[in-house]
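Multiple structures follow.
In the two complexes below, chain A is the common chain; its partner is chain B in one and chain C in the other.
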Partner chain A sequence: MQKSKIYPWYFAIGSVLVYTVLSVVPGLLGIGYSFTDWSAYSQDLHFVGFTNFIAVFSGENDYIRYISNTVWFTFVTVIAKTGLGLLFAVALSRNIKWKNFHRGILYLPSVLPILVTGLVFTSILNPKTGFLNEFLRAIGLEVLAKKWLVDPKIAFGSVMAVDIWRGVGYIMTLLIAGILAIPGIYYEAAAIDGANAWQRFRYITLPMLRQTLAVTIVLNVIYGLKVFDMVYALTNGGPGHRTEVLYTAVYKMMSKGLYAEGTTISSVLFIFMVIIGYFMVKVLTKDEVVE
Partner chain B sequence: MKKKLVSLLLCGAMVFSLAACSGGGDMSPAATDNAPAAETGDKSEEAPAADTADAADAAADSTEGADSADSAAAGTTITVMASQDWVEDAEQELGKKFEEQTGIHVDYQIVPADQYQDLLLTRLNSGEGPDIWGAQSGFALKTTYNVEENAVDLSNEPWMSSYSKFSAEQTGVDGKNYGLTYYDTTTDYYMVYNKKLFEAAGAKVPTTFAELTDTCDKLLASGVTPIYEPLADGWHVLMLWAGNGQVHDKVEPGIIDKLNKNETTFAENENMKKAIDQLNTLAQNGYFGDNYMSDEFADAEGYMASGEFAMCNLKPGSINKIVESDLNKNGYTADDFGLFVLPICDNQYLNIHPTGPSRFIYSGSKNIDAAKQYLAFLLEKDNVQYLIDNAADVENLPVEVGQKPEYSQTTLDFLGSFDDEHSGMVLQDVILYYNEQWMDINADLAAMFIGDMTSEDVLKGIDERRAQLAQAAGDTNWK
Partner chain C sequence: MVYTTKNKLVQIILKNILAWIASLLVIIPLALVVLNAFKADGETLNMNLALPKQWIFSNFSTVIEKGKLIRSFFNSLVYAGVGTILTVFFASMAAYVFSRRRTKGMERLYMYVVLGMVIPVNYVTLTRTMLTLHLTNSSPGIILLYIAMQTPFTVFLIYGFVSKIPVELDEAAVIDGCSPLQLYVRIIFPMLKSAVITAGVLCFLNCWNEFMMPLYFLHSSEKWPMTLAIYNFFGQYEMKWNLICADVILTCAPVLILYLACQKYIVGGQTAGAVKG
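Coming up: the complex of A and B.
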């Protein structure tokens, strides 16, 4: 019997119904509102066609920059979180001293609310009075003291760095779970065959972690595209509009009562995420064994 | 068990270390301070002399107002949501007194200035408003805050008889009053300058923009940063233009009317461009210092007291806070500070600005009676006087309940040096769809300072947002 036939189809009705009502319908309604002039200033609703979408993609506004900022943020944080997370996971899945202590230290930032982290780092990274620059000056490295969140050249990098610091522990934890699930017998066999550490990692750990990596990457990509609170708390889109991302723009539109414009940007992101998510799952799980 | 203990200790250590890291370098003066836009009411009506014949009646009315709202139950908690500089410490003390008298607890929800408007509007638009919310009075009440829907009509409150007519006009829409301006709107923001630092640098009070740059250059040469300009809060820098924008109507009569009828735009106005370019010059020449992008308004008095900066756009009452600051190690007295209008576009007209941070009762609140009782309590004579006496930068409030204002001689002399001919309303009080985008314009100005936008882009952005807001509001001039 095929695995997919174990349960009758009507077992899924409940969850499909809940998912449809709570996720699909609001999503479609949101897309529908993108074609109107919905706002807080008028009770009437008019169909305006693609006007809002044209405004987003016309290049007259800064939306293209916000889209590219969002994509860049996603790209950098996914690479860094996955790379560092994997590095720490491999290191901390071995029998090293104080293993759990190190895991705890790396995981702790993920526990803190993002807004709290953002506010704390706003203070730490203050160029004049912040802890980081004070520390650098105290040890004679004044040349490294930067205007972390207000220098247009490095502000977005600082935001990404704080986000990576916060998120890497969570990814590491998922990957440790994945590594610990790999049967030790493979490593023993490889060791008997003379495989070195890199070969064991390349030919055993990495392939066996593919499913876990697929999950963490998809989670990271979706988080990156939806990023809001970290940017909001650290820079609120500044200096100027240099670190503005799509959801900070949506938030500002919505708070101004320009609901249709906000919904349009949100819909663009929604469609983008569905497409990206679909292909990523497809690519990352292409060798998955179907029982 | 051991592992759990270690985990708990780790959590504690982490939170503690983060909190410790965040605590350093506080330049904030002890008291909070006043906010974004403030306001000079009509000098002839609200002038420093204050005591009026009906003061006693007004005070009595106000007290009566508190009595009439006794229906609010003790044990209730009302929330007051405001931007970070809008609630004085003295008001919070009054809140405690109010709780002692009525049993109603006041929960002040104070939000960072750069996030306040977005957060408030999100709450209002989603039907989750606080019992009392703060907002700048003026045009934006109708367009941005939809005050007719989101606030309770306060036209028949007993304290209306003592409330300034000018302020009532700014907190009202279509003849109804929805708010109470609880802020010193009898003066506006002017350049507060350190006379000793000017004298030491051989600089004089400028009356033209050319003189301003000369003054700043001399101050820089003497080792003093000329202007404290806090951009981090996202609202202050625009006042350097809008708060001196009365000059535009003086040199180009009728320009405001044309802008409001959509017969012209900001982008095509040379004087507006000149003003923005001059702001950029101040930033690019280093007159704001190295750290202005992360400087905060709350630190303004402290830095002025330290002698590190020579001037800042502040309320005249702030001079008291500068003098009282812990960072005043130079022994500055109030006489060491003076006032002048910033000569952007050579402006020499006094800025009149009768709008300011005001309080509104949320129409969806379950505690409307308690909220009304709180507003009435604030306007009792003793409580108005308490605020004036205990909030260093508040010299008066736009009410007449028999209080004794505390204008300094510097303020009186400065205001007295302008007649009606040489006074004018600030831009945000006379131009439609301008105040609504206050934070956006500030962000654009910051973008210009870092080279991401030009002055043309900034002005074009203002026009585009005005069109967007006007069309959403169904303004026929933008059809």
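Coming up: the complex of A and C.
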């Protein structure tokens, strides 16, 4: 039987078309516009070569910092979410009372709108009236009461902490599913051989979780590089661009009419993501094709 | 032997302490929001865990009225609902064809669509594209954007499920005289039911929670979804945390209900991609 007749190509047309026009085309157009002086203040468009890219990478302005902030945010949150997620997953996978309760609660923040989570934490982290500092003062740890989102030294750390709070349960959930898929017989054999808890984790759980860990890291990297809602709600890039990430910077450039600059740093991310994205998608779709 | 049982006990205690600390860290912020949503105006200058002196249920009606939440609620419902139905409809057909026709070309096309999970949106040129297509500040425009954003993951998710349906089924149906469309609608789609529900629930959650797209592309307030409405309400009533908390609860309620009702599908869907069992 002819596959092309039973499975006609036009079944795929709707998805491919909408995705291409509203996702791929703007990305490619963006690369083109990066070589122009496109702005809100002029109707004319001139080819300017690599001027915009040079402006981004020369370090004369803050653009490079927005990119490094985004990478730093991604790096820290990936490490923390994966580490903590693994810790919670190991604790909550087997032999613990109330495990479904704990799992459900820890997963909950990741279904809430990210923006709303951010708004609530602006109150909790308020230096004067916020719950966190009130609590620290009440238990006599006033030294630890900081200006969480205002102090330039710690604002970015606070933003990352809130994002870790929000995202760790999701990673934990993926890892629990991964741990539960490991055949119990391995652990029984290890127990007979006298392996202790650490050895069982190190030589059974960790190696068997490799694929799941790879997927969670990929998902976290994708999220981290594109972060917007959380930063926008908590600090909007402040104080003094200390917490500015790529997408908040692009939003500001857009509203200032600096289209060429905005599209240039978007394109830097686009090109970077398409290149590493190919390998990321390979990780995500691994095993699938051979089924 | 005594040593190992003791060791085990310590482990169990440590595990429980860890689990409770982690859960409390999540519960406290949530409790703060719930308790403060019922407090009187002056009581929420400092948000704390004290019970309200008087439970003020009218905060909710106040915020619905002042925040114009009825309209926003229906906007969100239409954007997320229609967006989800169309995404799942088109994506499941695409995933079906990609999965069944394993030619080089189709495999490349599948990779091209799935790459969308990774590639970032260029909002500057997307704005330009939306203007050209006359889709800025319009409901169909935002729905199309949601479809474009959600399609890659949905195709990816359903693709995995299609390959589990035996091909012999298709062959039997074709021999019995099914057209391609009949084969898909009558045989394949019903068998994809759980995959479609899973994909649909996740898609709905993501669309409901979406903030950036409406921020860029919906300018008139009567078109705002809940997320944009609460952000603007927050800007206007910055000190009235009792009202903001009530708004937070109303904005989160649909996703919370969906989470409680469909926990199995949400967790199942998100782990299906990550764990190959």
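Keep in mind that, in the parts below, the second predicted complex is superposed on the first by the 248 of 291 C-alpha atoms of A that agree within 3 Å, B and C clash if a C-alpha of one lies under 4 Å from a C-alpha of the other, contacts with A are read in each partner's own complex, and residues count from 1 in each chain.
The criterion applied here is as follows: a contact is a pair of C-beta atoms (placed from the backbone, for glycine too) under 8 Å apart; a residue touches a chain by one contact, two chains touch by 3 or more.
A quick note: this is a predicted structure, and the numbers were derived from the prediction, not measured.
S.K.: Classify the contacts of A:Arg210 with the two partner chains as first (chain B alone), second (chain C alone), both, or neither.
M.R.: Neither: A:Arg210 stays clear of chain B and chain C.
S.K.: Could you say whether A:Lys256 touches chain B, chain C, both of them, or neither, answering first, second, both or neither?
M.R.: first
S.K.: Between chain B and chain C, whom does A:Ile124 touch in the aligned arrangement: first, second, both, or neither?
M.R.: Both: A:Ile124 reaches chain B and chain C.
S.K.: Could you say whether A:Val150 touches chain B, chain C, both of them, or neither, answering first, second, both or neither?
M.R.: first
S.K.: Just checking: does A:Gly238 make contact with chain B only, chain C only, both, or neither of them? Give me first, second, both or neither.
M.R.: Touch partner of A:Gly238: chain B, not chain C.
S.K.: After lining up the shared chain so the two structures overlap, which partner does A:Arg200 touch, if you call chain B first and chain C second: first, second, both or neither?
M.R.: neither
S.K.: May I ask you to decide whether A:Glu134 touches chain B, chain C, both, or neither, giving the answer as first, second, both or neither?
M.R.: In the superposed model, A:Glu134 contacts both chain B and chain C.
S.K.: By the touch definition at the top of the document, which applies to A:Leu112: first (chain B), second (chain C), both, or neither?
M.R.: Both partners.
S.K.: Mind telling me which of the two, chain B or chain C, contacts the most residues of chain A?
M.R.: Looking at chain B versus chain C, the one contacting more residues of chain A is C.
S.K.: So, A:Leu29: does it touch chain B (first), chain C (second), both, or neither?
M.R.: Second partner only.
S.K.: Going by the contact definition given at the top, which residues of chain A touch chain B in one complex and chain C in the other?
M.R.: In the superposed arrangement, which is not itself an observed complex, chain A uses residues 101, 104-105, 108-109, 111-112, 119-120, 123-124, 129-131, 134, 232, 251, 254 for both chain B and chain C.
S.K.: Can you check the complex and tell me which residues of chain A touch chain B?
M.R.: On the chain A side, the touching residues are 37, 39-42, 60-61, 100-101, 104-105, 108-109, 111-112, 117, 119-120, 123-124, 126-131, 134, 147, 149-152, 232, 236-242, 251-252, 254-258, 261.
S.K.: What part of chain B is in contact with chain A in the complex they form?
M.R.: Those in contact with chain A are residues 3, 6-7, 10-11, 14-15, 18-19, 21-27, 114-115, 117-122, 125, 143-144, 146, 231-232, 234, 291, 293-295, 436, 440, 443-444, 446-453, 464, 468-469, 472-474.
S.K.: For chain A, which residues count as touching chain C in their complex?
M.R.: Touching chain C from chain A are residues 1, 3-9, 11-12, 14-16, 18-19, 21-27, 29-30, 33, 87-88, 91-92, 95-99, 101-102, 104-109, 111-116, 119-121, 123-124, 129-131, 134, 165, 169-170, 173-174, 177-178, 181, 196-197, 211-212, 215-216, 219, 222, 225-226, 228-229, 232-233, 247, 250-251, 253-254, 259, 262-263, 266-267, 269-270, 273-274, 276-278, 280-281, 284-289, 291.
S.K.: Mind listing the chain C positions that touch chain A in their complex?
M.R.: Counting only chain C, the residues touching chain A are 7, 11-12, 15-16, 18-20, 22-23, 25-30, 32-33, 45-49, 89-91, 93-94, 96-98, 100-101, 103, 107, 109, 111-130, 133, 144-145, 147-149, 151-152, 155-156, 159-160, 163-164, 170-171, 174, 180, 183-184, 205, 208-209, 211-212, 215-216, 226-227, 230-231, 234, 241, 244-245, 248, 251-252, 255-256, 258-259, 263, 266-267, 270-271, 273-277.
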